[in-house]
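Structures incoming, each one as structure tokens.
Two complexes are shown next, each including subunit A; its partner changes from subunit B in the first to subunit C in the second.
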Partner chain A sequence: MHEQSLFASVPVHQHHELLQQLAGLTAMQPRHCLERRLIFKAYRKPGLAGRIGASQDLQQGDLQRLNKMLNGNMYYTQVVGPVSEADFGPTGPVDQDIHMVGMDDSKPSPSSYDYERQPWKLEFRDIPEAGTRSAVTSRLMSSATLPQGDVVQSMNAWGYHFTTEYVVEGDMFIHNDIAIFLHRVLHYPGGNELNVPRRQLPALKDMTLFEKSGSYVLQAFIIVQDGSNQETMKTASQHLFGLREQLKSAVLLEQADRLSLDTRAK
Partner chain B sequence: MADSFTLPLRPIFEQRDHPDTLPVEIAQINNQWGSFREVNEGVLRNKIAEEEEKDGLDEVEESDQDATDLDSTERLEQLYKRRAEITQFAMQAHMETMFALDFVSLLLSKQAPRQAETSMSAFLKQVAPLGSLNAEVVNPPPKPESTSKDISTVSRGWRIQNFNAAANKLLQAASRLETEVASETRYWNEVLAVKDKGWKVSRLPRERQALGVQYGFLEATPVFRDRGLASLRRAEDGALLLDEGLIPSKARYVRVRVIQDGRLSGCSKPTRSTFDGDGTIEDRILQARDTVYEEELFHELVREARAIASFGVTTRQNLIQIPASDDLEILLDLVDTDENALQLQHNISQQGTSLAEGLAHTIRILLAYAHRQNLRRRTLLPPPLTPKTRSIPEHQLIRPALAYIKHMSHVRWLQSLLKDLFGVLQSANLKPPAYTAKVFSTRKQRHASPAPAVETVIGQFLTPLLSTFNGKILTPRGSFSILIHTNLSSPPFGTTFDVSFSMPEYPDFGSPGKLSQREEVEAAITHLLLLDVVFTISSNGSPKSEGEKDQAKGTWEAIYPQHGELLLSPSKSDKRKKMKISLSRHELSIEIYTVCCIDGTGRGTCEHPSYPSAPHTWKSSPFTGSPNQPSLMDFVST
Partner chain C sequence: MSNLTQEQIKVLEQSRQRLVQLTRSLGSLIASLNQSDPLPPWTSLQSQASIISNNLISVSDQLSDQRDLLSNLVAYPGPEYPGRTQANTLEQLLRTKLDPRVEDWVARGRAAGTEPAAGPSSNLSSDPNSAHQLLSEAQLAELWEWAPLEANQEARRRNWGGNFTLEEREAGIENVVTGLRRKLEDDDESEEESDGEEGEEEGDGMDVVGVQRKPGSAELEFRIAPHQPHHVQPFVPLDLILRHMTTGRMP
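Then we have the complex of A and B:
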């Protein structure tokens, strides 16, 4: 599958207005999304790479393919899990003072978040294609549903290290074939000293903004089933250009810098 | 506004310094008309008549010309003539223009020979040398005083006239602006009133300077969604006009008619009474909205009707015929709201009307539900783009309603069958235990869905319908259950009866399972009850015979329970008696034979009806267990 997208930066003061404009354009209410995103890095398992011996019974083509598979690029990949606001922890210790003495539940009730039942989805994005003549960011993508619960083990088994995690909050709109995602990135308070995904989530208020000004990213994307079909790819980019024209007076949608979307692991 | 406008625009009339003296005017009249002495009434009348005649003649001439014009050849001739005239005029004009050009060129050739030469004709160049014509300013001779006075008077008159005209124009413009402002105010007030009522007012997408009101349904089929927008035009006086484009302004609605036994028994009423031309703008918007909804409804109904043609649904250009059940037929058509008035006839029954009304409401609610589903589908993350276009599935409008009608018809049939059969048994004083009927016992989905309650309710209506009948039978520990499934949304279509028995006495008697024909079901249930009766008779004898052995005449033994045959083998006599029971929906009859065979199992050849051979029958009657009829048990034991 291919993903074609256009991006725009939305300053925080324009956010509310743009939400309304998008709601009017798409004739739907925004769907609020909160997503946990875990980043995994592929690593080369020792002893697998670079072994070319005992290849006499392999055809030349197979050999090349195998080599490519073993020595090819390593990628970062994301594991995405939808969460809701209720999954985040209570607002903090300040609240405890409000609790009246003598009440049984004076302890802060832990949030209902259950890490073991968190659904996950593996999302892979390639580096955007270089040298395309069209003015949209086009990249190879793939996604797959993962088993619920602790995902690190299975990811390790596939050759991926857990690297870090963050949270994305935003609103989703659908305009015909185009999905419009207005979002920003939140970091966990206190950095990522852990080497495993969190089992409890901190309060949503305590999350820190990745972009200090609080500005949002507007991403409009279309997913195309068959990237080799020029006709469909063209239709998709035409649709995106149509949206760009419609939103011209509000935001400027443009192609993203290719190297800033590089997912290759060095 | 005009009152406060005090700027004097018209020129002030002042008295002419010296008006024409009377002698001058008299002299003028004398010149023009002759002496006053010759003027009398007759002369003036003649004059007037003459003038009128002249005008009349002109008109007659014109009309004559029109009449003659009809002749085509003459017209053609005239056309050529006229064309020739026009050409001639044009040639002449051209010639004169060329002369004038030559003249001016020749005149200018004195001053600017190079330039002038280019515009001179070749003939002139040959004939006249360049610069041979000159012009000089000549002092005009001094005009006489009277002429200059005339000129000044005329120019003064002109000025006054122009001032007057300008003033008139300004005042006209002022009053025009005033009415314009008034009508604009009215227009915008009405637009605001429409907006305050909650309608969406926006610019038209194609006509940027016009306002439009959105009354359609965003989730409708694209054709009808786009029609849900009408422009708000302004009439001359500022009144709001709803310009719906090509839509007929007539209000239409989907009429549901119920045909029972071949005649009309019910008809749904229009959802909203019609408005005349003087309805308010709000009314007209509402009417337009309703009409769009009704037309979309009919469009979707036709689409669905074509898809379910296998159920016998037929579509014509403007009519859908649905055979619902037994002798019930439903007709759907799109008609004008005022067409219904003459249809109100005597045949209409209360039940038919309520069925028609119910159906009419059902299909509308289902369309609204389909709209909601469209919204849900639209706001989901779109599937990856493929070259194939997805077809939109037909909405479920007729199918759920039809399923309901069919289901209810089957349930009623089963209820009446059971009632008849149990009535027959009761009349034979068998006291069958009661059964329980659970109509629409569809399992409720327990999982909490995010959909609002109203959608959940309708969603249940769209699931396959299920009714269950459970009951015990005379046989101890025996029971039966009948499940009626009706499903028109997904294969297998239609109604199935799932009949299952539990008879411990006949363990090898399997349940018939899924049946789809009413005859089969009736046969299966009748058979079950026959077995039940047979078993009851055979088991009824045994405890009695044990207790009073001497008196006992023996026990009836079920030899062919499947055929309802029992055998009495009394210990004393050699003659065996055979009883044959038959049960149907209407009666239970018993016949007793004497059989000659030893074992009594031989059939047909050696059976003789016993003396009191008249078969005894019990029929279901409202007076169950009437005293003049012996009960089955009494009859059997005698």
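Then we have the complex of A and C:
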């Protein structure tokens, strides 16, 4: 699958107005979304590269392909889990100590959030294609549903380790085949210096803004099932350009800087 | 009558110049109305109209200043005038009565000139439609009812902000006489850096009051457009936000 998108930065004072404009344009009410996003980074498993001797039964071509898969580019990948406002803790002092997790059952939980039943989706995005002639950000993507609950173990088994997590808050619109997501990044209070995902969520109003002025990112995207079909890819980017024209007086949708969306792990 | 003096020829020449200017500006207005598609923006129509009106004023000043001379002048063909070949022009020149069409215009103009003095609405007579027909009381009331709403809506379509108009800023804000003791800041500096495409700047500290007619009632509804007291441009550029979202790296 391919994702084609355009981005814009929306200053906070424009947010309310833009929501209304988008609601008018798409003839739908905004769908408020909250997502936990866990960032995982691939790491090279020691020993895989040198295991040539143990694979006599593999054909040479297979071996090369396997090697390429295992030792090729490594990527950052995201695990996304939808949450709701009720999942966040109540306002006021909440015990955020991660080590208290085992005692959750014995004491009343501050919120209804149940980490063990949190659904997750693995979302992979390649670095945007270089040198495309059209002025949209086009990148290979793929997503897969993961088992509920703790994903770190499975991710570790696949060669990814947990890097950091944040929450994305925003509103979603659908305009014909274009999804429009107006969102911003929230950080957990007290930083992210834990090396496992949180099992409890703090109060939503205690979350801190990543961008201190509270600005939003507007992303308009189309997901194309068959990225090799030039015709559909072209149609998709033309639809995005159409939207850009319609929103021109409000925001300027642009192609994102390719390197800022670089998911390759160095 | 004796020959014209240099002075008098100069006066005639001046009148001719002004009439030429008037015809030119009328011609250019007509041409722009006929040729440009879509119609030229109203600002350009407005400026052309004011040029024409200035021309008219100068012609009219000239005519009334030199009234004595002009009403005494008599045109007659000299012996060397090619009367045979230029008979049409000669007739035009020797004509003493006005063209019937022109006579109509003049009559209408005279009527319009005398009427406003009788009516209270003389301030509206600059409108060509009302020049020959006074607005009735009902029409006036309607106009007054319509105008504030319309003006308000027009005002809300604009960007308000800052203490100076664009013209004042272009001419240099040091020259503006505000009559105020405190110093007004030119707060537009930051706005100019921001993207002009956004066009969403609302006034700093200024509320644009919206006036609307409530449906089904005669009352007016006033509401104050919501706005942030300060415009905060994002500190972190989009690239860095996206990079952070992709890799979790802090900028």
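In the analysis below, the second predicted complex is superposed on the first by the 236 of 266 C-alpha atoms of A that agree within 3 Å, B and C clash if a C-alpha of one lies under 4 Å from a C-alpha of the other, contacts with A are read in each partner's own complex, and residues count from 1 in each chain.
One rule holds for everything that comes next: a contact is a pair of C-beta atoms (placed from the backbone, for glycine too) under 8 Å apart; a residue touches a chain by one contact, two chains touch by 3 or more.
If you're wondering where the values come from, they're calculated on a predicted model, not measured in any experiment.
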Identify the partner contact of A:V196: answer first if only subunit B is touched, second if only subunit C is, both if each is, neither if none is. neither
Figure out whether A:Y166 sits in contact with subunit B (first) or subunit C (second), or with both, or with neither.
second
When the two structures are overlaid on chain A, which partner does A:T235 contact: first (subunit B), second (subunit C), both, or neither? first
Message: Quick check for you: in the superposed arrangement, does A:A135 touch first (subunit B), second (subunit C), both or neither?
response: neither
Partner touching more residues of subunit A, subunit B vs subunit C, is chain C
Query - Touching partner for A:I223 - first (subunit B), second (subunit C), both, neither - result: first
Check: Counting only touches as set out at the top, which of subunit B and subunit C does A:A256 meet: first, second, both, neither?
Finding: second
**Q.** Partner chain in contact with A:F7 - subunit B first, subunit C second, else both or neither
**A.** second
Interface residues of subunit A shared by subunit B and subunit C, listed none
Residue positions on subunit C within touch of subunit A in the complex are 195, 197-200, 202, 226-228, 230-248
Per the touch rule, the subunit B residues reaching subunit A in their complex are 218, 375, 378-382, 384-387
Subunit A residues touching subunit B in their complex are 1, 27-28, 31, 172, 174, 176-179, 222-226, 229, 231-232, 235-236
In the complex, the residues of subunit A that touch subunit C are 7-9, 11-14, 16-17, 37, 39, 41, 76, 125, 163-166, 168, 185, 192, 210-215, 217, 248-252, 256-257, 259-263, 265
